[in-house]
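See below for the structure under consideration.
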């Protein structure tokens, strides 16, 4: 009963998995429109003899019940991005487009965030576990999650009843291929890993007037400027200096002509925090300041706040993360590293939070020349095939081992 | 030799002038595209036996040389506005459109600023002077000026050589029909009458960055907000409290998404002042503050300033205005009133300033129910036919009388 | 019955009045501590045979009942300033000090605002009227008012019952010697003459903290800065551009050390307006903005507002001012001029407002070399003895003449 | 050759050391005026048979040359604070005052930062090393440093030539008794431990004017407010979100009266950073913003910047800190903890930086009831006598052991 046994077919299956990866890579699909992707995943799982549940439109879960023991869920996200790939790879998704159901427009699509790696590694790990049932005990759930890029897919699986349809995991695991770790390394840390993020659209109301008669109006541009200026005090004065928090006003739009005072202004803000209480404070402070400035300006209507693109905090639980880290250290040696928090965001934690179970998430280095690697979401992002695909399978088996084979080793 | 003699045909010609007015009203034309209007003016003047000069594409001057004596120029502006009339008059320009040569788009047009009144009153006065040459002496110039609404027409006549083509006036006169004076009244004041106005488009340069990494960028929205806020000190602290000055930021546009820090922002400002030195100070202060704030923000490129829609100050000269006022008082009695400065703007003064001659400009009340009158540029603006059209002719003759018949009366 | 008769002793009494002036000048006294001054005024009036009332501690009124006819009150203020005179005049109040009853400190005192001129001119006019009772008819009230400089003296006379103790005037007159008019000229205007003024002390509450832990406090300096910045929008955006209004923050005090966030800040503001509604708007806007900014900052306690040094608007009534102006024009010819509004303030109007009677106030040029004249409150302020002292007597008689001799002239 | 041998007299000497501590505690002295303290330290060292150097007025170094091997310096700071102790201890310095040589004023003094603990622990460790010379080899320097509280004492010893008078240490050690660690625990961390701190006094120049005539002046309060507001952008936008930085404006003083615009304003700022480059950025940004805002305001003179109370960053070197930590772990077990960075500041690093040698600094928990412990500089601060005094001696011997006995153990 060892990790090595479970992974003993890795070399033999390498070519098959690479071909599978290239197939997914050539067929990227937009968030919550991963129809072909989900079909293919389901077909693969079934071909391995694994039981499959569809949860929601494009969510897929492979379930391996293998005797008594802990339940381990592993998440792989499956969607691509609305952009044109420029990686130059021979398996690049050149010229691939998809009809965006939201806009009705045909749009380019590409796997420029590496979710295809996640799919194939999770399929590989599931097959290895299925093929070596004698080497472990417990339950393994391979959770193929749609819609990470629009922060809607994990919630969609929760809304579709994932909590009722699956046993509660003892641990919920996840991984992401990155250019910010050495190629082939696995990186993890306890605590805050990805920031909580949210966007807020704020509509401010003034009163229009001719530009030469400001006294007859309420100037929403002066109001908006006061707000933008005053918002700087949140990070500078209200948040503890050692906390990491960001309040960005990414757009400010008001008015059409120099000599007309407009009657409204629209600001779009983005917030980042590595602590839920800090994020709550940011939003409370934004609303407090905006409302107060509107009163200062005698704004004729209360401001409107619309929150969107909300990503939860990804905050690795200490106990399972320590177990994963110890397993990584033992198996990968120097390739097991400490990972720094990343100011990006993930919807990963929504499902384990819905289950009420702990989680742990790690990064997987995807580029030998990682110091020069393109960032995720770059049109040039395309990880090295190897050792990435092998390493991603190994990482899953190793991370799950403290639960699935740890007790019986 | 009296005013009364010159005006003796007023009643007899009334119907003809009203019909002429309705014709112009039904055929409004955009600024510097007053082709039919100029043709009609020229034809009228020639039919009165008056010599005509075309100055520029649509500028028309009628010249009456009538022996020794002062030269009096009277300006009537002739263009209409790109909007749909909603006056409900039976002679309304309903449904009239014109091809805007600048945009290539067909646009509605209407005489909602009353320039058609100005045309007909000036034609009427010219005819009266031509028909009663024995009652005055000197030279009368009827200056039909295009393009007031876009601040380009007076300059166009200057560029086309008006100064060289006409004798230098001893006084340059003008009038405007308004809803802010009692119907039938003439109002004038010495000194500042219409504000100087200018628009400034300011482009601010930042450095784009992901919204979660403000330290890698230079935020042009925070910079723009600082500028808008700081600009308030110009009127509040730098301009003398008794001066009238306005600095309005009419538009602020930057950014496209909440989580992207954009690399530039564009502000459009409008300034008003009743004194050239004050206007110069406003512009100096705006540039000073914008440049300094860009330095404070470590902006990577200097800001750009583009001035447009500049209107000069209309500041009635004291001596000729006193003469006009005395003539108005004597002729109109209680209908001759003091006019308050108006925060609107005019390009009237450009031509007399080019000549280096003094000028005087007055308002003409156009509505019996003036307290309820629609403002100029309102789609409902349409002055009462009478006494407006008569009174506008009388006002010209009376205002010119101190020069043309004053010495010989 | 003529002005000339009443003023026929002017030359003969000149030397006496100059000596009297120098005596007052050498004995300046602080606001509401004008003990010797009031004694001397009372003694003078009694020596002229005029009935005297003391109203309040240092208020003095001389009453001349002279048959049927209107009641004219003329005000002269009598207090000096807490500063050392540097005029260099041989009659300068060099080294004069007085115990300030409010602070318990000995302080220098000087007549650097010319109230001693007002005293002597009013005494001179009262004596002339008393000596020439056959030349006019009605009642003359010579109101010697204390405490103008601290805005408390007119109110003190109202509180002491002036309205019940004197007949209601038909007109209440006043004058001030100034360096902003040509020497010997009298200047008047209908409407706003002196601004309404008020001071407001605002205490802002924060929460103290070590400077390295701003999140544990509420920073009252950042709050105060936001307020000062935001207050600029009142004059720049809320007040009509043609109105004259000023909001000055004259002092800002907070904190004792660079690394301690203090728990409060104190601002002192001064406002000026030439219209009661505008002043009310300024104060409403200040309170609105301060309260809102305190909310934006999550200030732990509401801000406190203390109003002080409030001066009412001095806004000459049109009808009596027209009568005074006509009398000035007739008597003084070219020395009767239009006076521009002054951004200084006066408590003059408090008494006529308490009576509910109209008032008119004029300026008296006090310096031949007026273009170089020191301003009121300058340590160098000392008007020319003549023609100032004569002209000030004449101005009172002439201004009162439409009521006292106008009807019978 | 073991730590245990060196510390074998700890129990026997306990009472003597406690009495010594109480003596120092009862005789606190101000920074750089530690005359009695230095005398007593010198006398103690000599009584142990240790060679003594005086470096500067009140700096004392005990030197133990004990054969070949590394040079270890241990710093203990010795000064007290200008405040009245309120600890209620029977050995409290109740009523103790000292003449402050800087101000000429008698001021209360108290050891409310625990430097007396540092003295006695360092004396105790030096005596133990001197008494057990056979158990270690190398050189030990006991550096008693004056003037930590005013950031001037370490520099004073450098100025007095400490680098030339002593051998270059292989490591420079230090400790501080704190209420933020569990009682008896020792805490250390590699990297940033105490922030770099600096104060900046900024004088801004305006132009005075009467409050009603802002146009004649340059308002330094509006300027100061703009600066305070704009400074918030440094931490909010310019510093990387994961960095810890603070810019506090701790005092703002300008003006004396509501209606006088003053001619200057004075701000006092304090900055904190855990990285030298970040601190340099803060100061560059402060100066950039202040200068630019002065230009925006047309300030008549450049602003003045005066830096004071500068504390360097305390940033433990990785290699010696790892050795100290390992020694702590081995000796103290669970009482050896990781210490979090502290937003306070120290001048500790000035001497090792002058030597060009690495350093390591740790905290010593001083209160059993540490969750309720008063902060350093509180008038109630008075650590438990034990185990603090014992533990402080042990910590020094253990920390030095990798150098002094590590190689030969």
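By letter and in written order, the chains are A, B, C and D; residue numbering begins at 1 in each of them.
Methods note: a residue touches a chain if its C-beta (ideal position, glycine included) is under 8 Å from a C-beta of that chain, and two chains touch if they have at least 3 such contacts.
Here's who's who by UniProt: A, B, C, D = Amidohydrolase.
What you see is a predicted model, and the numbers here were worked out from it, not measured in a lab.
Participant: Determine, using the mean of C-alpha atoms as each chain's centre, which chain is farthest from chain A (Amidohydrolase).
Facilitator: Farthest from chain A (Amidohydrolase) by mean C-alpha position: C.
Participant: Have a look at B-C versus A-B and report the one with more C-beta pairs in contact.
Facilitator: A-B
Participant: Quick check: how many Å separate the C-alpha centres of chain A (Amidohydrolase) and chain B (Amidohydrolase)?
Facilitator: The separation of the two C-alpha centroids amounts to 60 Å.
Participant: Between chain B (Amidohydrolase) and chain D (Amidohydrolase), what is the separation of their C-alpha centroids in Å?
Facilitator: That gives a centre separation of 72 Å.
Participant: Go ahead and note the Å separation of the Cα centroids belonging to chain B (Amidohydrolase) and chain C (Amidohydrolase).
Facilitator: Between these chains, centre-to-centre, one finds 44 Å.
Participant: Out of chain D (Amidohydrolase), which residues touch more than one other chain, so two or more?
Facilitator: Chain D (Amidohydrolase), residues with two or more chain partners: 212-214, 219, 222, 226, 229, 232-233, 236-237, 241, 246, 272, 343.
Participant: Please give the residue numbers of chain B (Amidohydrolase) that touch chain C (Amidohydrolase) in the complex, ascending.
Facilitator: Result: residues 229, 231-237, 241-242, 244-247, 272, 341, 343 of chain B (Amidohydrolase) touch chain C (Amidohydrolase).
Participant: Which part of chain C (Amidohydrolase) faces chain D (Amidohydrolase) closely enough to touch in the complex?
Facilitator: Touch list, chain C (Amidohydrolase) to chain D (Amidohydrolase): 195, 197, 199-201, 210-214, 219, 221-222, 224-229, 232, 246, 248-262, 265, 268-270, 272, 309, 343-344.
Participant: Where on chain D (Amidohydrolase) is chain B (Amidohydrolase) touching in the complex?
Facilitator: 212-215, 219, 222, 226, 229-230, 233, 236-241, 288-289, 291-293, 295-298
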